[in-house]
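Take a look at these structures.
Both complexes shown next keep chain A, but they swap its partner, so chain B is in the first and chain C is in the second.
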Partner chain A sequence: MQNHASLQPESAVRRALKHPFAGFLLIGLLLLSLQVLSILGVDFVKSSMLNGFASVMVYSIVGYGFTFLLGYAGLASLGTAGFVGLGAYIAGYLIREQPQVPYLGVILGAVLVSVVLGVAVGFISLRIEGIFLAIVTLGLSEIFYQIFNNWLGFTNGSMGSSISKYPIFQFFQNEGNWLSALNADWFARVSEVPLLKAVFDMKTLDARRSFYILLVVITVGLMMLTYNLGKSSTGRAMLAMKNSSSAAQAMGISLLKYRLLAFLMSTIFAGFAGVMFMSYFKFSTPTNYTIIFSLNILAAVLIGGSKNLVGTFLGCLIVFGLTPIFLQDIPFFRDNSWVINVTIGTIIILIVMFYPGGLVQLGQKLKQAIHRLTAKRRLYKYGEDD
Partner chain B sequence: MAKTTDPRYFGDKAAAKQRRKLFEQIERLESEIRLAQETVTLQGSLLEQRRGRKLGLRRANMLRPLDRLRLKLASPEEAANEQLADRLPALKKRQRLAYRLLRQNLRRKEGLLDKAGRLKDGQQALSAAALKELEALETAHKLEQSSLYNSLLENAKARLLPQAERETGMSRYRQGVDDMEGRLKRMEARQLEKDTKSLAAFEKRQLEKVKRYNARLKDKQAKLRESESQAEHHLPEDVILRLDGLSMTFGGLKAVDNLSFDVKHGEIFGLIGPNGAGKTTVFNCITQFYKPTAGSILYRTREGNVLRLNNYEVHKIITKGIVRTFQNVEVIGELSILENLLIAAHPQYNSSLWQQIFNTRKVRQEEQVIRQRALQVLEYCGLSAIRDLPPVGQPYGVLKRIELARTLMAGANLIILDEPAAGLNDQETIELTRLIRRIQKDYDATIFLVEHNMGLVMDLCDNICAISFGKKLAYGTPGEIQNDQLVQDAYLGTSEAQLQEVTA
Partner chain C sequence: MSLQDFLQTILNSLPMIGRYALVTMGIVLIFRTTATTNFAQGLIATFGTFAITWAALQWTGLSLWLCLLLGMAVAFVLGMLVDVALIRRARHITPSGKQMITMGVMMILVNVTPVAFNNLIIYNTQGRSFSQGILQFDMLGMRFNITEMGLLGFAMAVVLLGVTFAALKYTKWGLGVRATAANETVAQMLGVNTRVITAFSWALAGALATVGGFFTGAGAPLSVTLMGNAQVFGFLACVLGGFGSFPAPILGAVIIPLVYNFAGNTSIMGPNAGMWQNAMTFLAVLLLILIFPNGILGKKLIKKV
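Presenting the complex of A and B:
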């Protein structure tokens, strides 16, 4: 009898879980299900919690760009806040003052400005390295902060810039628009399905919820694209550059090209995230974009393991998400809000101290620990095998 | 030899730029052509693999009902035995666990175990009663096994077809098998036809691409020849690298001083000199890590074009077929050994950034082809067993071999080795020497090395140049160098007067 065991297909679920995108999609599904639960009226999911997750998503987008800069290219920047703020203020200005500009134009504008600045900083990074580069970018960020505070016509100063409507859905809400007609028809058909009725009912589906869903899609999509680039020859070239710049050059890797690219990635992602922030929260003040924010992003990426995108997301969840999502609802933390920062700080210190490889390393260690524990339990119960 | 100020070597700047551009375009076209050709072979083997897997699965699925029929037809003992073979291992495993559990409990009861469940030292014997209990369990297990066999046998007997139907069953089974084989064969033929067709279409597409590229390539090469006659870089046919009056100064220090020598095609060339003689600086000048202060470096590519290397950026040198290794090995610790080789193949990737971001088919094909190349090189260097490990923590000899594999991966024409034997023990040095010789022969590469291990240099090199304080002392075969008075002085020390004579 021939043995066909080796030819038996792996179970489909197992194979799907092994796919590198599985983690990203799982995160996306979890985030989506929270919104769905909230629409269905589950008390546990509060709107502050959803906003918390939305901000984590926005910041994680910044994190993916920063992952490339720090984890792959090995360059440190403390100017992230400035670029995010720039994206947010450009979006705020264009949407508020220039309503004729379509939303895609807003995104494009913010990204273009980020590209120009990214190239400029990239050129600086060719001359300066390490801690000095961090200081230079820190200075740049401080310049941006002053601009945000004082250029009243553009940013509305310390009062903060705000917009009144969700820009992307204006198009759909216009009466007489062919798309809105199509939309209504589609929604009408969908709402006949009992469960989907609750989800997609036009009355309950307000613009904020729609934008949340859009944000989930964007986050997961960007994770996939970033992952692709990281696994490609570009990602490897950057890693080579980080590990040994002379070997990289000898192997035909242009430092100029890949440093510029790394900076471009980080600034484009930051600018785009700024637009997303403004679009979701509709409000932004200069105090959002201080050095603290840049350091938080750095911490989030480091905690995540600096090369792993799921790790970056979790790092952002710890740094930016713990307060609005979990801790705020605990009475003790609500009454003593200063303890929150102390707690998060302690968590960060513990992770960095004991798991310098970040959450990725923590995950591996946990797996090993579980293996060890089961082995121990087996020994206790059955004795040594002979 | 011409002087460094000879205007011929500097030529027309615009023309030089044009030439560089032409080279780049040609390299890209050639790499695309190679990729297209290799993709076709890879696609063929891929389709074959997929076909085999698919047919195997089909066969397994089709055999299942036939097997049932076969069991009904076989003698009851045979059928039972076959089923037993399927089910016995699981049963035995379960029984073994039960046995261990009982034994553990008995031992615990008698206080033979420590807290973690291990046997205490020196107390291993169970009491007679406990042993009896264990024995009883074992006999019970044996009984269970035989009862399983009996029940299987009974089942088989019950299922056994009556004699009258056996004949028809037999013929049905044979018919089924024949049917299956026939269907599989037809399926295979169909699939083969489909695959062949798709492969042919694929090949045609790729060949068209190659043709297109070739036409463009010819055009570019014609332009290149034209520009070459203008550039007037002259090298004798058998010389692959010529240093012509090379000088490199750092501030006031002359690290290399008007150094000239030729490296011939296909030889192993050694550059020796005492510490601080400027050997590594020479390497860095050739690979353009340092831009020479004066002098020319002329180089003949595999295709026979003569280039003035001074005109090229450091990361373009590898595309001309010059690959170097480093004095203190520079492998990428964050990547696996295989990926370290892929780094060396970096200029061979042609897909654009957008294609990489969206991981298009072209990117995946390219990755497959280049990975295949890397696997071959790893096999050649004897590294394929550890290809997925990170290089960190590997012995020094392995790291050196990874660096050598990298030079091969890059398709080197001229391999520059910076102290290949530094930090190796004798055994590793011998292995490395062998590998270097093998590479020189199999890959038709010229090897240019700096080394302090005189045994290795004298053993390996065809020609040697000795330098001291950036100046040439002697050039010749190992024998000539060994007997050279100046070289001996430089290594063994000289009188003050002689030293002044050398450095002046």
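Presenting the complex of A and C:
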């Protein structure tokens, strides 16, 4: 019996599923459906669970930037915590103390600072390489940690920085926003328009839900962007640089340009994720941004397979999401929270030891096993091939 | 800043130099033999320190020296266990993968330690220490003081590091370590039992760092973050001195506490010195590293293509 499957044109659905974006969209749809279920009032979806998924999304954004750095450019950084924290605190400061700055300006401000930081670290990476670079960035992150703790005017110190309203969706409730600062009359008139009121003047719960949906869109969008960048000539140049910097230079690839670019990507993504964290959770303390956080991001990316974005998301889900999403509601784990972290640590060790290629490798092995099983079944059903 | 203040600041750095040098020695031993930075180093030391304190409070009749030895033994076994159970089986994994394994160990220890030594954490128990006294002495017509514990810690560090360096230079184990550090495969081919060498290096690293941990936490309530700073500064000391040889990182571990104590000196850095002490130290060390990217005593590595 011959296998004619290969001769038949593939169905449109199969083709669509094979598209690299299918996985990204699937993740987006799953995340969205959870929010929809919660809006419909399904008990199973608790708000703590949604917050857990939101944090996973925010951290996965950091992860995508880091994927670029580690998976493509082969550079290691342990300064992620500082970069994310900086974004979060800039957002917190601007939104709280300078309400006349529009939200886009807040994002731009955080990105701009991240650019400066990325360029600085990129130049350092030209002088110091490998594990030494990781340790130096670790030191850099510790400096930021001290700043978060001690610069009270900017970060509110160990008490933590907080904002009172959600950006965008509670724009009208924000006193002294840029529109009212520009012209109070216009603002009074505009804020009475029903349609605009529905979008920019939401209640807290609605605003949180809307921001969650926005976060899903951003996460999926950034996944696509990162994927495309990785497949572009930039990504290929970085891969060449990762395998051998000398050989890459001989081929005319500028180390300076691509190292800077890789660090820029990672710091910009990290800073942006910081803004998103502040916007969704409205609160941030310095203890979020210790070395543990940097190591967790590294763990998430490695678990995912260091070049696979769906893997990175799943890695973030394991490292950051297990506690708030699944385990918190089980009484045993709630009372013995240490068991959770020990479990996560064990999972990390097991995956790195037995599947050094990350979850991607695990997935491929599973796929092969399924293929083998179906082949066996076919053999059993139709007999031996002639 | 007067001369007395200057000398006193250097004197104040001695205990910290001793502690950091011990931790750094452990980090560099592990890095040279297994090519990984051990993020669990601080936590292994913390676990050992908790064991010392537990033993000292459990058996109050026991000499504190014996408790110290006991804690060192615990960390010795723990370090060896990490190598034998995990790192040895992860040879083929990338350096960042190995790092991740040590990070997993760190995550486990950070959570297990407070549970294992529950009563020490809950009641904020103070550990025993050899002495609480402060030593005062006159020199060059000026009066200096240093805590007796600090001086003892420094002296112990000097002795232990001296023994370790002598062992590295003159014993068979030391030769094995140096051979493994130079090239593990070739060392294996020449009949060096690299598994024993690395396991013993991990064990020794744990034991040495535990002494550092004990002198960090002696006489005060313990917490799991006891060795956090020592760990990060230990890494930086290795980069600053240069990972290339065994003594070079110790130089880093001498410089960093000096920088730290001068950064915390109010007569140089102003009244808020204490607040920015850590940040200033990191900044100064990072600048030094940028000036000496291969370490102060390190040589430039030339890679073959």
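Throughout what follows, the second predicted complex is superposed on the first by the 326 of 386 C-alpha atoms of A that agree within 3 Å, B and C clash if a C-alpha of one lies under 4 Å from a C-alpha of the other, contacts with A are read in each partner's own complex, and residues count from 1 in each chain.
Operating definition for what follows: contacts are C-beta pairs under 8 Å (C-beta built on N, C-alpha and C of every residue); 3 or more make two chains touch, one makes a residue touch a chain.
These numbers come from a predicted model, not from an experiment.
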Mind working out whether A:Arg236 is in touch with chain B, chain C, both or neither, as first, second, both or neither?
first
Just chain B (first), just chain C (second), both, or neither: which does A:Leu32 touch?
neither
Considering only the touch criterion stated at the top, classify A:Leu327 as touching first (chain B), second (chain C), both, or neither.
neither
Looking at A:Asn228, would you say it contacts chain B, chain C, both, or neither? Reply first, second, both or neither.
first
With both complexes superposed on chain A, which partner does A:Ile147 reach: first (chain B), second (chain C), both or neither?
second
Let me test your reading of the model: by the given contact rule, A:Ala247 touches which partner, first (chain B), second (chain C), both or neither?
both
Quick check for you: in the superposed arrangement, does A:Ile131 touch first (chain B), second (chain C), both or neither?
second
For A:Asn341, decide between first (touching chain B), second (touching chain C), both and neither.
second
Shared chain A surface residues [contacts with chain B and with chain C]:
244, 246-247, 250
Show which residues of chain B lie in contact with chain A when the two form their complex.
53, 56-57, 59-60, 63, 82, 97, 100-101, 103-104, 107, 113, 116-119, 287, 289, 313-319, 323-324, 326, 330-335, 339, 342-344, 346-347, 349, 351, 353, 356-359, 363, 367, 406, 410
Please name which positions on chain C make contact with chain A in the complex.
37, 39, 86, 89-90, 92-97, 99-101, 103-108, 110-112, 114-115, 228, 232, 235-236, 238-239, 243, 275-276, 278-279, 282-283, 285-286, 289-290, 293, 303, 305
Considering only the defined contacts, which chain A positions touch chain B in the complex?
1-2, 4, 7-9, 225, 228-229, 231-234, 236-237, 239-240, 242-244, 246-255, 261, 307, 376, 379-385
Enumerate the contact residues on chain A facing chain C in the complex.
70, 76, 124, 127-128, 130-132, 134-136, 138-140, 142-143, 146-147, 150, 244, 246-247, 250, 291, 295, 298-299, 302, 338-339, 341-342, 344-346, 348-349, 352-353, 356
